[in-house]
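Given below, in the form of structure tokens, are the structures.
You will see two complexes here that share chain A, one where it goes with chain B and one where it goes with chain C.
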Partner chain A sequence: MNFAYAELLSALRPELSLVVGALLVLAVDLPKTKRSLERRTHIACGMGAAALLAALVSLLGVGNLGNIWGGVLVLDTLALVARGGVFGLGLLTLGITAGTTRLRNPAEFVAVILFAITGFALMAAAQQLLLAFLALELASLSLYVLAGFDKTRAESAEAGLKYFLFGGVSAAFMLFGFSLIYGLTGSIELPEIARQLALSGPSPLLLVALVLVLVGFGFKAAAAPFHLWAPDVYQGAPAPAAALIASASKLAGFTLFLRLLWPGLGGVAGGGNGMAGWITVVVWLALASLLLGNFVALAQSKVRRVLAYSAIAHAGALLLGVIAAGWAGVAPLLYYVMTYGVATVGAFGVIAAVERHQPCVNLADLAGLRTKSPLLAGCLMVFVLSLAGIPPLAGFVGKFLVFSSALQAGCMTGWLALLAILLSAVALYYYLQILKPALVLPAQPDTATRIPVHPVAAITLVFAAGLILLLGLWPSLLLGLF
Partner chain B sequence: MSPLQLCLLLSSLLFCVGLVAAMARSNAILVLLGVELMLNAANINFIAFWRYGPNPEAGTGVLFVLFSIAVAAAEAAVGLALVIAVYRHQKTIRLASINRLKG
Partner chain C sequence: MNLLPWTLYVSFAGALLALLAGTRSAAAARRVALGTALAGLAITLLAAREFVPGPELQTLVNVPWITELGVRYHLAVDGISLSLLVLTGLAATAGILFSWNNEERTGEFFAFYLSLIGGVYGVFMSADVFLLFVFYEIAIVPKYFLVAVWGSTNREYGAMKLVLYSFAGSALVLIGLLWAHAAGGATGYGLAELAEGARHIPAGSQIAIFALLFLGFAVLAGLFPFHTWAPTGHVAAPTGASMLLAGVVMKLGAYGCLRVAMPLFPGAFAVCQPVIAWLAIAGIVYAGFIALVQSDFKFVIGYSSVSHMGFVLLGLAAATPLALAGAVLQMVSHGIIAGLLFAVVGRMVYERTHTRELAALQAMPLHRLLPFAAGVFVLAGFASLGLPGFSGFPAELSILTGTWQAKPLWAVCAALGIVVAGAFTLRAIHVAFFGSTGATALLADAGHHDEAHAMAPISWPEKTGALLLLAATLWVGLKPDVLLDWIVPALQSPAFKAVINGGTP
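Coming up: the complex of A and B.
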């Protein structure tokens, strides 16, 4: 068995460097010193970024190993790309944290971010229900703490509590579903579950289990009708925490459920032949998310809530991608969710940079951003237009790939893809509602005249905007990995 | 009725009681209790399926339950911390009156 432990240890080097990094961040900040808060924030973020870079490097060193530890973990291309994406989105989040936030306990914030990213990385590689559950809970518990981290604001604590209560209930749903799957198949390993299900076929109890698991999935993806937490959390949480919840958490969640639904439960997908299966449930979730997200976003007046409802709409499109992944492979979905993550982190980064100098709650607060800070206005334009899906930005390519694969996948998803394309026109309206004050309207008289941007935040935002443009012009940079 | 069916009946009942508590209660701590009941209902399932399943010597179900109890404890710790954080600001833990965030 010793050999297997060595293999596990070497395969989990990225996660190890993250955990060691988190502990070091805490240890360095522990002694009472006279360092200013800003300096402590920079030290913590710098060490966190170093740990993430070390994780990225060791990820490349580990490479594509296949099944590890008797199939508990699988390090295939999907896991490799998703873990790399999670680390990259984590780096962007830390860049925003360093340049914009003034939290009282920066080291703890960075350490919890690193723990959350460890959870995401394990989620992306888990091939067994127990590890999937533990990774999901490690990530979720860290995110609840991050959402409620700003102790000076009542909104932050409230966002954390709401996120926690919804998340706790959905975790219980998922655990109950896992227990039923274990009971029906006698195993918690996904390949063995798939084998047993192929022998026994669908049963009523299995349908109950599928629905329970999909409730947990819907919560993680912020799909309607399990989206209720999203607007409040996006609004109340500190900006870097909201960015992480909206980006890396989605990427890891979709990777985990992609693995759970297709290789694990693919035999009971249903769909085409009129059999009941999980595809029907996912189609309804996608439909509800697309309609609710796009139409409710129209009525919002707060920047972060617009982003939250747009996230719900994007979750609907991503669920289409999950269904289509059974036919078209995982590349379109992964491309979509990664570029969506970069754009969302960027948008939250701009909000955070503005918030440092003036309130940035309502859409009207963005007025005159063009004159106050051309850099922020330009970056915001790139991110928001990418979310809207305007070529040549990455958001357009992502939508194109997912919708075209959904059109090929089958009748039901084809109609849904057409609806999603129509709703993109609706979405353009509320995205332009964000850009109109930022780019066109004059500044309100009683606000800051200039918004200086911290160099670290500026570099992060420009890098993210460049990434969006680059991936939009050369999608094969990312698609070629699959 | 076989013992397995009785166990599943019990766990389903417990799950529903927990869900009703989580949905209907207004006190944040009672909602937390409801969530714990739901998690424990799943634990009963795991134990029952392990005990009456085809190969009880593998011990998968019991292991799963041990981990999930630990996770539930961690979840309770985080949850209570958040409840305290909310109480410090708003002096209440009634969910109906914790509504600063809205559209």
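Coming up: the complex of A and C.
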């Protein structure tokens, strides 16, 4: 094979600008200077944002190329939109990072964020098992580092270690699954795998491989029963890191598995015709996530843990979207995961802004946010209500799209969609438990009386809230891309 | 007519303006809110003047919204929606007048209040079920904050219960809607398209989908035994919000049943008719008896609302032309009367006496201390009883006569509810306002001498609001044909004809 490296370089201009950007961020911060920590944070975030903007621009320049480099990568509409979304969510994450002062090595933090986003972008475009795994590992290793980045707090170290251990084991499961698929089909390229599977049909060994892959997938998606890391990581990681784990990582992960499961393993989906296949497994994962996420969230008293369990519940809905994508296309799932990502980054952004001035651990710590900072309270309301799926915010349209497509997908997913809608009434309870202290209750006496918000963080949050409203009122802006 | 969509835009813009004005002063926020509500009322009245009654929904706006889902931004009205739009304008204005003394976070109060109103206007104008659902849910969240922040008595519990009941109801509606859409294979969510698709759904599924839709909407209309959110919510809410909750928000549920559930599945409705009717009757009688033994004045009114909404549901269940017209008339009538009753209890009496315990009120000669409040309450009570001359009379009479045509037994059982309503209303009037008369009143007068002086006189916003609502109930009571001329032709549309004829168009 004669690979055209020039073609590859040109097609991967976005990723290239991210890597160069990351190295530059590190280089600029390298010499010992008397710059204050805040200034270093600003420089790092500014350079990171510039790299991401360059990536976005070059993404538009690259456009829709189809298979490149012998089919190892595919730059179709899905990859294009998902990569754009990943860069956008990355920008939002950097925006809320600018407001934090806790991190001792801001340049490294931003550089690792950029590496993680490079991994996400490659995950979204990979069409070959080996590259997919490498991209996934690049992203995951960066996220482990980010989770444990705050060396001043033990919880952060705990989050990093827990995430690493669970992630390592699940990566091993997934790799084993990949190796079995390779053994069965003799190929690591998804189109070839699909062709071979169409010839040979399902076999017991293939089912084992599917289950192993889905274990890894369940971990990435924080789906029950592989969710155990999520609450602790959300709780312990620095807020921007948690935001990235909850948003861009989800988007990239679901894009990768969408590609793996439908174009690659679509032939052994099973489901409708009563055959065993991966749909059955995913249905069970979705059911477990919906029930566990929604009910356990009810009992939480810490803000980030509520968000973590709500993320598990949302993962259940997203899994439904993965199944439904086989019938209704990828648009509902991508719309859901992207708008969910924006709302989650926003919610973590509010937490990060509050944390600068006072502890923000328990729900009660949010008390009186309305008087301390009307801006933060207003933004939090938009994000949380969008997560709850209240119109006219984007979360509602996402919910509606995914559930209506799941109803078309078949009997099992249909029932699951109906259950998920009923559970959204349960979910509203815990979402209101976040909003109640922030908007209803008075401030506790011994806390900050006002919370000034860093201008960059404020602009980011207002932009994110505006985006949620805009996409809720005109969903076609995003849906029209597919 | 074409101005009607502006009720929506004006309300939402007013909400934003009130929020901004509230950061300057409470008085500014109040003025913005009143101006917005009056603008809404004026628009509905202007539209009503130009309205030509007819059997079809008259389209106001119809443009594509979410093309990928086939959802259209389709607003349309017929006589039924127009009556309820006028009611919304009236209730919104009166509610703001009775919230005039709000001094705490006034801007936010009116922002939530006006966005709730905007959602209500939207529901009454939507001809696309997706759009209707969107507005229906927009109306849910403000309720939580209105009750939780500005309420009284157990407000956080009341607010959460209210919102979760509404949201669970709307989840059932969403399930029904998605199911109807998927099973019927409709291309969009317009009422006509969904109805067309619904005909191809097997009968068993039709009943299931109808049950989901009807139940989901009826939770908000206070259908027994899912009514318990209403009394707790109404009692916990601040006066202006209880007036809205009982006055227009409960009507959203009944309207959803009438506009969406019944016309989409007339066949399934015919099967479920007896169940709905008996639940409605149970609600009328049960809530009436419960109201009879309440010791909290506001709970009496809260349960009376459930009882009166039972008549609306009974009218829907009977589904004769007369009963349906009566049900719509009762929605309007109850919207006005419930607003008036809550205004007297929550604003005029409670904020002066600081008690709603009937026993404590009995000790005060309120008819002498607050003669205006007593007078308004007596008139509102008579209206609520269904005395001739007030709006309750033509409404409940049409419902009962219409129900008699369908099933005399239902009418007889429901009529028992009217007797109970008479009992609890007269008891409330007697105990609260005329509890101590004659010699005891003199004694009480002496005992409460200080309080008599402490009680602030009834203010102008209260007087204006009360007179506005009283005029409305008298007007509807004396000339019900004005509204019936709008409502009856609307019931001649093919969709409602199918409902009336039990599924055969």
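For this structure, a couple of remarks:
In the analysis below, the second predicted complex is superposed on the first by the 478 of 482 C-alpha atoms of A that agree within 3 Å, B and C clash if a C-alpha of one lies under 4 Å from a C-alpha of the other, contacts with A are read in each partner's own complex, and residues count from 1 in each chain.
Methods note: contacts are C-beta pairs under 8 Å (C-beta built on N, C-alpha and C of every residue); 3 or more make two chains touch, one makes a residue touch a chain.
Remember, predicted model here, so these are calculated numbers, not experimental data.
In the superposition on chain A, no contact is made by A:81 with either chain B or chain C. In the superposed model, A:222 makes contact with neither chain B nor chain C.
By the touch criterion stated above, A:291 is placed in contact with neither chain B nor chain C. Annotation for chain A, partner touching more residues between chain B and chain C: B. In the superposition on chain A, contact of A:171 is made with chain B only, not with chain C. Once chain A of one complex is fitted onto chain A of the other, the partner contacts of A:54 are absent, as it touches neither chain B nor chain C. By the touch criterion stated above, A:158 is placed in contact with chain B alone, chain C being left untouched.
Once the two complexes are overlaid on the shared chain, A:432 sits against chain C while remaining clear of chain B. The contact surfaces that chain B and chain C form on chain A in the two complexes do not overlap at any residue.
Only residues 11, 15, 18-19, 22, 28, 31-32, 34-35, 38-39, 41-43, 45-46, 48-49, 53-55, 60-61, 63-64, 67-68, 71, 74-75, 78-79, 81-83, 85-86, 88-90, 95, 98, 100-103 of chain B touch chain A when the two sit together in their complex. Across the complex, chain A meets chain B through its residues 129-130, 133-134, 137, 141, 144-145, 148, 151, 153-155, 157-162, 164-165, 168-169, 171-173, 175-176, 178-180, 182-183, 186-188, 231-232, 235-236, 299-302, 305.
Looking at the complex, you find that chain C touches chain A at residues 66-69, 130, 133-134, 137-138, 140-141, 144-145, 148-149, 156, 160, 163-164, 167-168, 171-172, 174-175, 178-179, 181-182. Residue ranges on chain A touching chain C, taken from their complex, read 331, 385, 390-392, 396-397, 400-401, 403-404, 407-408, 414, 417-418, 421-422, 424-425, 428-429, 432, 436, 439-440, 475-476, 479-480.
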